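Here come two complexes built around chain A, the first alongside chain B, the second alongside chain C.
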Partner chain A sequence: MAALPSFDRLMAALERLPGIGPKSARRMGHALLSMGEAEAEALVSSITEARSRTRTCSICRSLTEEDPCRVCTDPTRDARLLAVVEDAADVEVLEKTREFRGRYHVLGGALAPLRGIGPDDLHVDGLLSRVASDGVEEVLLATNPNVEGEATALYLARRLKPMGPRVTRLALGLPVGAALEFADEVTLSRSLTGRREI
Partner chain B sequence: MAALPSFDRLMAALERLPGIGPKSARRMGHALLSMGEAEAEALVSSITEARSRTRTCSICRSLTEEDPCRVCTDPTRDARLLAVVEDAADVEVLEKTREFRGRYHVLGGALAPLRGIGPDDLHVDGLLSRVASDGVEEVLLATNPNVEGEATALYLARRLKPMGPRVTRLALGLPVGAALEFADEVTLSRSLTGRREI
Partner chain C sequence: MTAVPAPVLAGSDSPHGPRPSVPGIPLRTQGDDAAAPERGKGSVQSLSSTGFRNLQLTRHALHPRLNLIAGPNGQGKTNVLEALALVSGRVSFRTSELLDTLAPGHREAAITVGTEAGVLAASLVEGKRAQLLEGRRITRAVAARHLPIVFLTGSDLTRLAGGPADRRRALDRLAAVLVPGYTAAYSRYEKARASRNRLLSGRRSPDADELSVYEDALAQSGASLVAGRRAAAARLSPALSREAAHLSSPYAPLVLSVQNDLGSLPESAVEAELRSRFLEGRSRERAAGRTLTGPHRDDVLLLADGNLDVATRASAGESRTLLLAWTLAEVALLTEALSRTPVLAFDDFDSEWDRTALAHFAEALPLDGQILLTSARPETVQSLPLGDGLLHRMEKGRITGTEALGAIRSRRLYSV
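Our next item is the complex of A and B:
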């Protein structure tokens, strides 16, 4: 094999990114080498620039360039409805639906006792104090529909319900456009339990 | 949606990489923002460093830090056997098998008349002059087993055969570890045609 230490270092750095294995890293590495100088500089500077310009909103902990973020300061958003999500990326995903008109609270992860992640490692206290003081009437627990996300939602529901707000959870069921045939049993049974009159 | 122009620019830059769609770009973007300063700098500098240190071998056009590359200057490699590949990345893939002991020639793509890529856009002349002067006895056409790669192999075979060398092609058939059940018909029929006695 031709010795290419600088390319090997590039591949190693790329493989640390989520979802990038050796094959994608090689493919991306070659693309990075063969692109024009202007394009390569635009990519590199977009990384450093995004890192220096973005910060975490001091209220909801979502990603923002201004603190507090635009959602937290927008007077047209419904302050009575608060969606709790695991990561800042989830805020963007929910915003893209244009369905949600409330505000957000980013936990910074989910409970995972086996990996040593407990309530103190998440922004739970901030959530409780927002709910206690901000006139929140409904908390939508929008954690992921997996074991850790469900456990986190149950834990938060227990903490939040005594404080008074309605506590809701995202609906589980078949993805739109899917075929029954390919649905897993757990999803299908959740979809049956949650069936709605039309 | 919270306004995040610097994050949007980062996503746009990442989406230009091969195999990176909007979802992977978002995921990678968030990872790039949340990683430590040292790791981010290592990634950015690995890109610029690999770009400045690597070049194209003046003989075979593969990726190298020294010109000519180590394969071209290695006296233990068999100069009578020349593998023709589409891209520099293919050289690395073949080297990883440790099966091939000849040398390489990178075409820089495949014939694609519909996209306006003809023989003059590939390093065909360089290949013909290497075969004419370098004592090459076998040319292994290792272009991709798809329409463009096959057309390129056929074209090169027609040009090379009158010059005297044996012209061969990579074997087509079932991938190792695959199940017959999941093989497509074309692959299976190639695998039948190319059956070997055991």
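Our next item is the complex of A and C:
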């Protein structure tokens, strides 16, 4: 292909998005260029508008257009129950279940010494302040079930337990629709440990 | 599943006569064979490879029993075995850097193996490996169970006399199959150790609670490693003694002993002891910038006559015979644990080994297992009692011809 420096810059920008590799970036780049003028401008303005109107909630650190966010100010939410998640996107995922009626605290990541991320780089102090002063009775540690998320959950448990609340962790096990044959031994082992009566 | 007759293992009907009886070493008997489990479906039916070193293979069919990959040096024979190592969930026995295995000018590679129970694949992209079974992502441990392979390559030659890492890895490979949860414990231990090392070597003083998180993980997973290695060594020792006696090694019976400063501390106390050592060692290890104690420092010694370290006494030839015995023992234990005979992949089988020991080794292999040998001198295989199979001629990463090994033997016999 002839030299297209502006297209290369677009692909480089798209590749910085999570889960986007060179091939996906190229496909997305071509799709963006083949859009109609109005459609492309609508996309650009929606990105600009979303960036200008959203901010982080000063209480829970999730994304919001009003500060504090609707969950933090909703009187029907159970203020005694607090779910701790790594990223704002995790709040949306949990909200979609409509099962969780407590409030949230977004850490802004997970402990990762190998990438130089320590407790000071996360919103840990804000979490401890909320637990100390907001009448929280249970903290649900909903960090990801990977090495970094597990380490973060254990670290937070060490800090939170002396403060008195019940500290819980999301259950781990087989995903719905999975085949046992393809499950790894860690997942199966945790499924056995966390088995329940039906 | 079709039942395949249990293998006739070398014993009283061996052309070399009955195995020597060694006090304390159980011999394999006909009764053991009768109780052998139904054999599974683990052999390599076909192999494809693109972008991996110099290999260019498209669904190349292999014989269910014996495959001799022959060709001059540098044509890609060992690459075939290395590709099988990666597709079966193991690390390369040549390099720890996957990028080194890509063919020049390639950014990715794919290795695909047809087995009776499905297509197993390894995809290497940007230095990372993905394991697939029938197109679905699986872990390396699942791949290893689907296609169990015992390798014997040039990198194994230093196992007995070299540093502890090679012996530890060999025992760990076996423990991964014999001990439930071992692979997960190993992975957790290594990740926790890397994280703790980074905290210890960082500029800022590490957060005590953060260190404790990784020390808890190290102590829990480390205790599992200690118990798993002890269990694997206890299973391997009698099997190794039996095979060493069969290969006429002067060092049977043998005991594999896991050496560390925990001594004979009971398993129930190991976790607390490790946690205490990590806690007490913080300032010393902060100065060193890494974790100085734990199962990653274990050694595994091969002891004869109670406490004679065989590595300090055995000649090079005797060490190689013991390595053959170790391989036979690994094949036997995996067969028992997985209810299937693992594939044996033996690189340069005729270059470093005593002919008599090699013949005894070949005769002791189960009759239903698939075997892959590589050699620059294909005619040498005729002296081994391995059954029939195929000769695959290799040139510049391609198989340029395949013929029945029987034809080679006949030609050779007629020309003598």
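Quick notes on this structure:
Keep in mind that, in the parts below, the second predicted complex is superposed on the first by the 197 of 198 C-alpha atoms of A that agree within 3 Å, B and C clash if a C-alpha of one lies under 4 Å from a C-alpha of the other, contacts with A are read in each partner's own complex, and residues count from 1 in each chain.
Here, contacts are C-beta pairs under 8 Å (C-beta built on N, C-alpha and C of every residue); 3 or more make two chains touch, one makes a residue touch a chain.
Keep in mind the model is a prediction, meaning the values are calculated, not measured.
In the superposition on chain A, A:A79 makes contact with neither chain B nor chain C.
When the two structures are aligned on the shared chain, A:I47 is found in touch with chain B, with no touch to chain C.
In the superposed model, A:A89 lies in contact with chain B only, and not with chain C.
Contacts of A:A3 after superposition: chain B is touched, whereas chain C is not reached.
With both structures placed on the common chain, the touch criterion links A:V147 to chain C but leaves chain B unconnected.
Overlaid on A, the two complexes show chain B and chain C touching no common residue of chain A. Residues of chain A that touch chain C in their complex: 111-114, 116, 118-119, 147, 151, 154-155, 158-159, 182, 184-186, 189. Chain C makes touch with chain A in their complex at residues 133, 136, 138-139, 141-142, 180-181, 183-184, 188, 191-192, 194-196, 198-199, 202, 204, 207, 209-210, 212-214, 216-217.
Taken together, the chain B residues at the contact with chain A in this complex read 1-7, 9-10, 12-14, 16-20, 24, 26-33, 35, 39-40, 42-44, 46-51, 53-54, 62-65, 69-71, 87-89, 91-92, 95-96.
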